[in-house]
Each structure stands twice: as structure tokens, then as C-alpha cells.
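We just call them A, B, C and D in the order they show up, numbering each chain from 1.
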Amino acid sequence: MTFRPLYFTRRAMDAMIRGPYVTLIGTATIFVAVFATGLFAAALGGAERLLAAWAGEVRISIYLAPGADLAAARAAAAAAAPGREVRAVTSAEALRDLAVELGDEARVLEGVGPGALSDEVQVAAPGISLAEARALAARLRSVPGAADVDYGEALLGPLERFVRRARTTSAVLFAALALATAVLVSNTLRLAVFARRDEIEIMKLVGATDAFVAAPFLIEGLAQGLLGGGLAAGGLLAAYAAVSPRLHAAGLGRLLTVRDALPPSLLLALVAGGALVGLLGSALSVARTLRRISTS
Amino acid sequence: MIQLFHVSKEYPGDGPALDDVSLNVEKGEFVFLTGPSGAGKSTLLKLVFCDEAPTSGQLLLFGKNVAKLPARAVPYLRRNIGVVFQDFKLLPRRTVAENVALPLEVQALPPKEIRRRVRALLRSVGLEHRGDKLPPSLSGGEQQRVAVVRALAAAPALLLADEPTGNLDPERTLEVMELLASASARGTTVVVATHDRSILERYKRRVLVLEHGRLVSDGASIRRAARGTP
Amino acid sequence: MTFRPLYFTRRAMDAMIRGPYVTLIGTATIFVAVFATGLFAAALGGAERLLAAWAGEVRISIYLAPGADLAAARAAAAAAAPGREVRAVTSAEALRDLAVELGDEARVLEGVGPGALSDEVQVAAPGISLAEARALAARLRSVPGAADVDYGEALLGPLERFVRRARTTSAVLFAALALATAVLVSNTLRLAVFARRDEIEIMKLVGATDAFVAAPFLIEGLAQGLLGGGLAAGGLLAAYAAVSPRLHAAGLGRLLTVRDALPPSLLLALVAGGALVGLLGSALSVARTLRRISTS
Amino acid sequence: MIQLFHVSKEYPGDGPALDDVSLNVEKGEFVFLTGPSGAGKSTLLKLVFCDEAPTSGQLLLFGKNVAKLPARAVPYLRRNIGVVFQDFKLLPRRTVAENVALPLEVQALPPKEIRRRVRALLRSVGLEHRGDKLPPSLSGGEQQRVAVVRALAAAPALLLADEPTGNLDPERTLEVMELLASASARGTTVVVATHDRSILERYKRRVLVLEHGRLVSDGASIRRAARGTP
């Protein structure tokens, strides 16, 4: 058979225009599937970034014994934790912070004397692991006047475990979702071809080769995939634009820019995935129909 | 051209639709196929067209044993055969002109040549003003004429017409028969399955009579055909 | 029209048996869609439980000044935190724990003297909020001999924020996924009905009312929904059984029993959802086809 | 029974398929409708069957103005009308017996009664052994006979048959025409669209001749009908 891309493209376009219902449903299915997958991917990516940023907020607090020299302790801490941001907080500041944070519940502080909180030195330790935090805390304990060092051991361990598990689970979930999506889209395309099986049969009867019959269906599948995938990518960008004010309000605007939440590579992968699933879905179902006809 | 040796066809769960049929149609012949409803006429044409395979016996087409043909050769074989199906089998979502053009497009003829031929074909059956319609919006007889010219489009070496005038008035019937006769005159082998006795009487050609799947008469005389049906 | 449930059920069964391809694709689509939704719901539920369990591991540590009375401090802490589990840990025990936990990295403890760690009293505070933890910590500071109290403030705040955000995002994601699923399934059923539009037209021509035509399609949709949903529920249980050894190995077996991960209410909701989407999808597409025929 | 007053039907983008047709078919009459392919015969029957609406003019059926009928009344109207469609319109995935039973099941007759009637109907056209087949596995003429007995099944007050013998051999044609004639004898109004002159000649009934959508002849004589077609 001669290779006639223009001829087959025109055939495919004709078919899509004359049978818009099937084309629309196919495109809508790919759109919804790719959109859902993209939304999920963006949410997973966002969660990862939030967790990373949160780990970045980790601080180690050195609580000083009463009467210790805050400035000297700060200098010693800076020496013990080179390259990290070190900040001195007086006991009065700490108590004020706590009262503000408790709000209505500040009355539980009634039984608390002014000496209950101590001066402290805070060391910012972004992205630190549990073991590193422990070691750093142990070193900081030798800061002059340090009564105790708090590195959140009660929480860092479970946090690390949780992040690890969440990452595995998300990957599995995402794979399952992408697979399910592909199955659902290919099911729809199967039915779309099935609804036109008579056409395929008649074309075969007038002497069309399998390739001649299949080509327009493949082009249709590809076009539906590109269209559905492209619309989904556009829809995701629009959805980002819609929630972006809320992200800014939540203080996440800088953390989750559009390039972070929907990197071009993701958008490209979504469109390509839509096109691929459209093409493959059509190819499989046409092949099946052709096989069924020739064996009947 | 067409040679059948003791061909039988049995659909599962039924008596034989064709029962030990042997016959020989020469190149350029014009043959009628008749017999009561359900006698096996369409089945015989389907075998010749490689749409069904015989249960037993041998079928030779253009001198080749069809049973030994690989599946991918069938489309190329079919391009030498024009078929008017009893139920037309037009593509419902392609225009009349596109339906007629289909056998030509399959063979990748130049678009201009295709358009020229399609116009001439539609004119020959009085449908030049129907080219842009979709088949479901045509009358029964109009659809049948489209089916006839589609079969003629690629000037096939063999033409199989299954009841090609069942939905036509006597004048259109004559028109279509003249088209088939002139194709035959140009050297095409023609097999026409029909119930219409007036056609058998008007065109005195060889008549094959099937009954319950058996070939009960094969000859030039319409009388023997008439005797064949009880 | 007389109400003839048996007649219509028989009709529906006949149609499904004679057109198994369309029925199979419909059922498979519902199965995949419900399975994916259920998997997602189970994962979200599991993550919630893990987070809750993790919050349940929160401990407040009271570090004692050198030479303080560990037993007395423990008693005072128990009095200040009534109803909570209180445990005394000597400095030697704490150092041993740390060395074990650091493993290979234990050498960073080289510069750390034996007095670096102090005796401590640990108060288990499962499910405590950040504000409550602060107030409790403030009260525990008055324990005799307490040098400092660590309640993980560096981490509890971000944790709370993260959990809150994750909960909202998951709810939105889940709603989006369920909606997408419903759209995809209904698209498939649309095409399934579309492939049989000739039948509908012919039935109308022999004098069938809309209800007569629609009834078998609705029953088919319902049956496909129940079958697909039921299989998905079974599939989820099988999937749980398959990963359950790994859950046990990860120490989550007790936390995520089958009743926790896949509560009967979830399974029931999935089957019901499958049935509903099957019924509605068929109903909508039959209604559309009937409308299209009568206006043509 | 059927009254048309200046009825026209125009499909979008076409000349009129029916052009100012007025006629009156009495209860119990047996009427032939003829005319060349594309003359508007099927269109006329579609109007009577409420499958299409006239573009202009009035159509009264059973004395009722069809245009004023609400959509949900149409199914009940159709139960009094049996139709043999030119393209049969059999349900491809229901057996022959189920197809014939359909008009009866729509009316919720008892299953036993349905089975009895279906058996008798299939026997009357020699298809008693085909009841369990699916229509696509029948020959063209067998399908046409199934379509005929389905139209007769519910003993309708009005029977419309569009080219009901196009795929039948002369013997089967007679058989079917006798079925229609005996329905007429039982009081059913019958309208048969046909191209078959031998039928028009054998049954000397009223003949309506359409040409280009116009009613050019209406009378008992087949001669006038024959003159109507050029």
C-alpha cells in the first residue's frame, strides 16, 4: 500500500466531524483521565515539596540554665554548628510567644512562674536527618550554660518513617491510577471502534488492506489523545491560576509556583501520555476488530 | 474464472446451505443464479468472494486455489471482484460519491481520475444530484443503484450481483441490467443472483438453478430454471 | 405499561449474554474505576491512621538538672500530668539509646562527655495538640529538679499544619477522582448504548414506550455496576491479603487491620457507588438516545 | 382511516419528497402504492407511521389529527399499525421468534399466547425451523418474511408494507401477498408499496401512483398506473 498521510488524515478528520458524538466522548474521556492523573501528580509533587520545606523549618533549641550568658552561648553554638543560622531568645520573649500562641488557653499558664521558661539559643537546621540532628544536639550540649538541648526527637523519627512510607505508597498509588486511566481510556476507544465495526467490515469487503482500514482510526485516536491531553494540560494550568490566590494566602505562593506545581516536563508527559493512550487504544481495538472479522 | 469442485457449505447447527456443488464459469461469461429463497445463492457468492470458506470441496478463482491463499492476499484478490450485496453494505457515514469512490481509493488512484469516474458512474444510474448525500437519506432504490455502481467502479474482472434490482422499478431495472450487460460486453465475467423471471426471460443467458443448496439445473434455457422451482 | 420486572430482567440478561463484548467492557470499566477509587480511599484512610498513630507517639521529656532526684521528679510529673503514662530514664540509658540509634555514626559522640545527657522523665501524650503540649510542658517545668522540658515544638507546629493541609488536599483529590471515575464510566456506558442505538430505534418503531425500551438497559447498567463494584471490593480484599505480610513486617499489621484499611462501610459504599454509576450512566445515555430519535 | 390534505414533505436541502398529496384510504381497503424509485413511496408511509412529520398539510389517522398528538401517545398509536420496512429493521441480536414476538410483548400479552401466535406466524411463511436463529444468519428472503409476519403479529388495524417481496422468489411472493390479502379480508386496512407489475396485474385493486412526490394517478386500473411511469 502506498503511504498517503494526507489522504488518511483527511479521512480521519471527516470521520470525526461526521461522527462527533463518538469523537467527543473519546476526547472527553482522555481529557478527564489525563486531568485526574495530572492533578494527582501535582498534588503528590506539592506534598513532597511541603514535607521538604517543613523539614527545612527544623530548629534545635538550646535551653540555658538560669543566669547563663545568652550572648556567649549564642557564639559557642555558632562555632559548634558552622554555617547554620543561630538566634538568641530571652526567657521573656519565649513566654510572650507562648502566651500569644495559646490565645484563649493562655490561662493554663496561671500556675507558671516567670522562671519556668529559660533563655534559649535556636539553631536552624533545614533538611537535617534524625541522626544528624541527634549528633548536632549532642555537640551543642557542650555550649557553656546549656541546661538542655531540644531537637524534637519525639517527632523527627516518626516523621522520617512517615515520609518514607508516604513516598512508596504514593508511587504505588500513582502507578495504579495511571494504569487504571489507561485501561478506562482504552475501553472507551474500544467501544468507539466497536460502534463502527460495520464500516470496518465493509471496507474490508471492497478490498481494503488492514493498514488502509486502520490508518484513519489510528490518526483519530492520536488526534483525540493530543486534543484531550492538551485540554487537560490547559485545564490544570487554569486550575492552578484559580487556586493560586489561596496558595498565596496560605503562605505557599513562593513554595509552590506554577513551575513547581506543574513543571513543563509534567505537562509534556501528560500530553504525550494522552496521545500515546489514544493511539494505542485505537490500535488495539482496530486490530481486534480486524481479527474478529477475518476469522468469522 | 470460477471453478467449484464438489463444494459444500454448512453453517454450524444447520443443514447444508450448499451441497456438493460443481460448476465452471468461463472468463467473460454472463450467468444468472436463481432458485427459491434460502436456496444458497448468496452463500455461493460469498464463497466466491472469500467472505466464507467452503466446508468441503475446492474453489478455484482466477485459476488459483482459494484455500491456499494467505489472508493478506485476500484484499488484492477482492480488488478484481465487484460485488453488489443483497443488503447494499454502503458506508452510512460517507457520502454517496465517497462510497462509490471507495474501491478506487483503496487502489490509490489519483483524486482527479477518481472524481471523473465517480461522476460518470452516478450519471449512468441517474444519481448525479445525490453525490453529496449520505446513504441513509436515500430511497431504497437509490441505495441499490449506488451499490451497483460501486461494484462497477474499479472495472473489475469479475462482477457478482446479489439481487441487484429487488428495489427497482421496471425502468430502473432495465437500466441496471444494461449496465451489467455492457460490463460483460467489455469482457467482465458477470454472475447475477435474481428472483426476477422477467429478467431471466429477457436476457437469454446461462441460468444456474439452486434448490436446497443443490445445483438442480445449469443451462441456457429459462424453462429448465422455471421447472427447477416447484 | 404493566410493570414486569421478571420480563425485563430476562431481556437484560439475554442482551448481556448475546452482546458479551459490550457488557464485559462496561463491567471492566466499572471494576477498574471502583477499584482505583477504593484503593485511593484505603490509602487516604491508612495515611490518616498512620498520622494519628504517630501523633500518639508524642512524648514530652523532662530533662533534670545534674544531681536531681529522678524518682521524686517522676512522681511530681505524674501528679502534674494526671492520667498519662510517666517513665523515668537515667542518663546512662539515654546515652546508650542514642549510641544504638546512631549506629555507624556513633563516632560523632566522641567529643561528648558522660555528663552531656541528663536523667529524664518521659510523659507519653498521645493525640495531644500543639497548644496542649505547650501548656503541659509549662506545667511540667515546675517539677522539682527539672532543667528543661522538651515537647518537640520545632516539629509539632509544622506537623499540625501539614496534617491539616494534607486532609483538605486529599478530600479535594478524592472528590476529583470520584467525579472523574463517574464521568469515565458514564462515557463508556454512553458508547455502549450508542453501539445499540439501532435496537432502540427499532423497538420504538414497533410501538414500544420509552419505559419499555429503557428498562432492560437500566437493569443491564445496574447489573454491570453491581458486578464491577463487587469484583472491585473482592479485588481490594485480595490486594490487602497480598500486601498484609509486608504490612506486618513494617510493624503496621496491628495498626492497619483489614477492618481498618477496608472497613465494611467503605466496601459497601464502593459496591453501591458502582451500582449507582452503572444505573445512572445507562439511564442518561438511554434518555439521550430516546430524545435524539424522537426529535429526528 | 388515512386522510391526507395537501401534504408536503421536504427534507432539508432537497426538493420536495412529497408534493401537495391529498388522498383518502377507507377502513378495510387494500391499496397499492407504486411509482419509480425515489418517487416518495417510503416517505408517504413514514408520515402515516409518524416516523416523520409533514412539512405542510394535514394528516388524519384513525380520524385523529396526527400533528396534535402528544409524543407519548405515538407508541400506542403505532400498536395499531403493522409495518414491513423496506430494509426489514429486524433486531440483529434477538432470535427470529423474539423479533416476531416483539409487538406482542410490547403489549404485554401472556407468554403462552405469544408463543402460540409466533409459531403459527412463522409456519405461515415456511420459517418454523428458523425461530431460534438470529436475523443476520438468515437469507435475504427469509429476513423479509420475518419482517412481514412481525408486521402481522399483533393483528393491527392498519398494515403498511414497503416493498415486501423485493427479495422473494415468485412462489414466496404469492404466499406473502396471500397473507396480506387475507389480513385485508379480516378487515385490516392494507397499503402496499411495490414495484412489481405482476403483483399489480394479478390483484386488481386501487393503485396510487407517485412520481416526483406528486400523486399522478389514483384508481382501480393498472393501465393508468402503468401510464403513470414513463
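Operating definition for what follows: contacts are C-beta pairs under 8 Å (C-beta built on N, C-alpha and C of every residue); 3 or more make two chains touch, one makes a residue touch a chain.
Computed from a prediction, not measured in an experiment: that's the story for all the values here.
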Required steps from chain B to chain C (each step between touching chains, minimum): 2
Whole-Å gap between the CA centroids of chain B and chain D: 28
Separation of chain A from chain B, taking each centre as the mean of its C-alpha atoms, in whole Å: 62
Cα-centroid distance, chain C relative to chain D, in whole angstrom: 62
Separation of chain A from chain C, taking each centre as the mean of its C-alpha atoms, in whole Å: 18
Residues of chain D engaged with two or more neighbouring chains: none
Contacts with two or more other chains, residues of chain A listed in rising order: none
Topology of the chain contact graph, where touching chains are joined (line, ring, star, complete, other): ring
Interchain contacts, given as pairs of chains that touch: A-B, A-C, B-D, C-D
List of chain A residues in touch with chain B within their complex: 1-2, 4, 7, 14-15, 18-19, 198-199, 201-210, 212, 294
Contact footprint of chain D on chain B as seen in their complex: 11, 34-38, 41-43, 86-87, 137-142, 144-145, 162-163, 166-173, 195, 197-198, 229-230
Chain A residues touching chain C - in the complex, by the definition given at the top: 21-22, 25, 28-29, 32-33, 35-36, 39-40, 43, 46-47, 50-51, 54, 57-61, 63, 65, 98, 101-103, 105, 108-109, 111-113, 116-118, 130-131, 134-135, 138-139, 141-142, 147-148, 150-156, 158-159, 161-162, 165-166, 169, 173, 176-177, 180, 183-185, 187-188, 190-192, 194-195, 250
Touching residues on chain B, where the partner in the complex is chain A: 49, 51, 71-72, 75-76, 78-79, 81, 83, 85, 89-94, 102-103, 105-108, 150, 154
